[in-house]
Amino acid sequence: MMAELRTEEFIVNMGPHHPATHGVCRLMLTMNGEKIVKIEPVIGYLHRAIEKICENRTYAQCIPILDRFEYVTSMSCNYVFSLAAERLAEIEVPERAEYLRVIMLELNRIASHLLFYGVTAMDIGAYTPFLYGLRERELIIDLFEMTCGQRLTYNYIRVGGVSKDIPKQFVPQCRKAIKIIGEKLTDYTGLLNENPIWLERTKGIAVLPADLAIAYGVSGPVLRASGVQYDIRRNDPYCIYDRFDFEIPVRPNGDCFDRYMLRIDEIRQSIRILSQALDGLPEGEIRHKKVKDATFKPPAGEAYARIENSRGEMGIYLVSDGSKKPLRVKTRGGSYNQLQVLPQYGTDMLIADLVANFATLDVIMPEVDR
Amino acid sequence: MIGKPVLLAELHGLFQWLHEKLQATGLSQTWVDIITYATLGVIIFGVLSLIALYLIWWERKISAHVQQRFGPMRHGWHGWYQTVMDALKLLQKEDIRIVTRDKVVFFWAPVICFVAAFLAYVVMPFGDRLIVADLNIGILYIMAVTTFTIISLLMAGWGSNNKYALLGGMRSAAQVVSYEVPMVASILTIIIFVGSLSMMDIVKAQSGLIFNWYVFRIPFGPIAFLTYIVAATAECNRTPFDIPEAEQELVSGYNVEYSGMKFAMFFLAEFVNMFTVSAIAVTLFFGGWNGWDFIPSWIWFLGKTLIIVLLLMLFRWTYPRLRVDQLMEFAWKFLVPVTFANLIVAGIFKYFGWYW
Amino acid sequence: MNPLKGIRELVRGLQITGKHLGRHAITIQYPEQRWTMPERSRGIVVLLSDKETGELNCTACMLCEKACPTAAIRIDAPRDEKKKRHLKQFIVDHGLCCFCGLCEEACNFSAIKMATKYEFSSESKEDLVWDIKKLQELGRDVPYVDTRKKKKEAAKAAAAKAAPPKPEKAEQEKPNFPPKPESPSQAAEDNGRTTGAEKEQQSLQLGDERRQDDKEGQS
């Protein structure tokens, strides 16, 4: 005769304040004992009405506003908007500007992935890699500061090109920085990759099946870690990425470890692209002559531009009515989809696994809330 | 049987003088003993508190330099009295009294934790003839006394009137209890060869060459040391076993409702515990206070203990955290079989006399 | 997993962190030590003065005010009989400024610059609203490249090369932007900034001026 134990489900609130830098995201967890039964993300704590603000700003003024759309990879935000405006106005960007853009975008990707490395390690309990990741990220941020003056929100890539030319010491310093980062990567991976505790915490945890990922529109490293070979730099090429020789890393399993390793592989590929770009940097103009900040007026129409950001597909759908200000700027960020897919596969695990899972998804809340 | 207390050789004369003076005043023997032991207790307590404060500073500096930054720099040279200022700050913080029916339990939990941490030093051999009481059940006494912390964890979890604190407290208690088994088994591996539980005898059995130290007696020595150090890290609730203290796991630990001085007591007790387990490791595996004669024995002891403490700190700042069920799995499915196998091997070695 | 391999990897982790113990720290002790900022670093907004005469370079062309995405710049420059503007008040609200540098890029007269100073925190929002005196003073020791001279020399050289198209060239040099109603100014209006009473009065006055101005521009 077996008596049925009555268990109650209770709600734990992983509140908007987080010890890690994911941003302000609230997760309402319904738990049955130790296991999570349901996750309900509550967003909107970082909503700043960026899209609405952009409707009242000229194209040049939109760029610093959109810097804050995803402030960890601000160059990508600048770039995707400029790409949309250039597609609308059918402007050709000079060669040197394209090379500079690629250099900045890839440097920003490395910086973002280094931050991911640090934050993920910290969430899972190893505190030191955070400082190591940020130490290398400083090298990249110093390069940005030298070029455009800011460390986080750059306002550098403009419609028609870039705003300032790189100073003389940029190329040698950049080469040195990527050499150091390449060497230090072996240090970091030695610290964590084969560590049995790390493997216990991340291998086989929170597997995201490929069909679920595709159904929810997940893109970027999370999609590629589930085995789907899809990278906008190859599938829908933009800028001059078709000139560079690099691989798109793909991993089969879709667990936390694969998502982590994939981003480390991506850093290596970005270093490859960077060395090729630095070698092939031509001389020339850095901005299209006819485009002036104050008077840029694209013809009426609409354009969608999407790029491969560190977090997935970042897109801007631009509608113009022929005036100096855009009619509608619709932003699309990769983190939004990844947060949406989290409740679908993130249940039936312990809170510790949820923390590891959420960390490896690399969700940045400004992209979700805008 | 409590042996006669012995102290630092320089102070020995002073202590004898105190003892004789008290006896000469005609007080009964009981009173003389009470006064002398109380003085000794106060001295040991003072020394250990200083060591605990110093260890906190040491931890902050080590963690900072591992991360290529400086750590405390402002209070004193490289921040040496930073901990004193922190203690003063905690003293003047508001002591939040939570709404709970079990006020007694809530109040006494940090006290018990703190006291239990210090009780182990009654039998700790600080140096040659420097031990408060050389009990003939020395190591058994230490094992018994360090188990008091489990009660205080449960009391803290229960008295906090907070279901997450209760969960955290129970988890901590389960962790500490589980890791007691491999710890005791590793200690037992060494005791087989010593033949006595007294701490002084353990140290004396390792006198002579450095290869007399138990850690070098292959094959059971290093394995016993490794299992002991892993179990000791878990006993102190340190990473990689620091689920009770983890901030990222939102169901937080037993000390979530404590503020001010009560929190400071838990915190200090953790560092004193860390020193205790390192001291036991040094006594059992690294020869205690044995060393060359040109440096006093207590400096040897202190130095070796600090190196083991450094090892524990490096563990914290290098390794990620284990999940709670992985932690328990590791203890019961890996450590316990390994330590018991080691024990059997050591037994076989002792029986056949295959040791020097 | 193989226990020996596990132990080896754990020891490797300890080696990596252990070797950092011997390295020097890469941080500095602020505020006793400070990094020197790169020259393009975007810090506070300052108004530049002529190196010889010490007067402001600003000609009140209002380009920076139009370029600012957050309406942090408020200029009071009424027109005289000849429809030329004279600078009366120049306010930059550093609480609104997003440090994008668009004002610096818009200026053709080397009048406004983002200096490298970044330590300007204050204890109230009102203290972050700086007027023309403070901006000029902060800008006195900021080194800058005077592009007006370069432009003048370039214009002279171009004029010397080809005499007939001289008037056209001169016109091209002048920035010619029609004063249309810009919503950042309106946004500045609608924000309802809670400054001190005096400053509120000032901002309302400026708003009135601008509204009149815009009406003129439209008509």
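Order of writing sets the chain letters: A, B and C. Residues in each chain are counted from 1.
Operating definition for what follows: a residue touches a chain if its C-beta (ideal position, glycine included) is under 8 Å from a C-beta of that chain, and two chains touch if they have at least 3 such contacts.
Since this is a predicted model, take the numbers as computed values, not measurements.
Interface comparison, A-C versus B-C: the higher number of contacting C-beta pairs is recorded for A-C. Think of the whole protein's Cα atoms as having one middle point; the chain whose own Cα middle lies nearest to it is A. Mean C-alpha positions place chain A and chain B at a centre distance of 46 Å. Each chain gets a centre from the mean of its Cα atoms; for chain A and chain C, those two points are 29 Å apart. Between chain B and chain C the centroid-to-centroid distance comes to 59 Å (mean Cα coordinates, whole Å). Each of the following residues of chain A touches two or more other chains: 128, 135, 191-192, 195, 197.
Among all residues of chain C, those that touch two or more other chains are 10, 13, 16-17, 26. Chain contacts: chain B has residues 66-69, 317-319 touching two or more partner chains. Those residues of chain B that touch chain C in the complex are listed here as 62, 64-70, 73, 226, 314-315, 317-319.
Interface residues of chain B facing chain A in the complex, by the touch rule stated above, are 63, 66-69, 239-240, 242-243, 246-251, 317-326.
The touching residues of chain A, when paired with chain B in their complex, are 12, 14, 19-20, 121-128, 131-132, 135, 191-192, 195, 197-198, 200-201, 350-353, 355.
The residues of chain C lying in touch with chain A in their complex are 1, 5-6, 9-10, 12-13, 16-17, 26, 37-38, 40-42, 63, 66-69, 98-102, 105-106, 114, 177, 183-184, 187.
Across the interface of their complex, chain B is touched by residues 7, 10, 13-14, 16-18, 20-21, 23-27, 29 of chain C.
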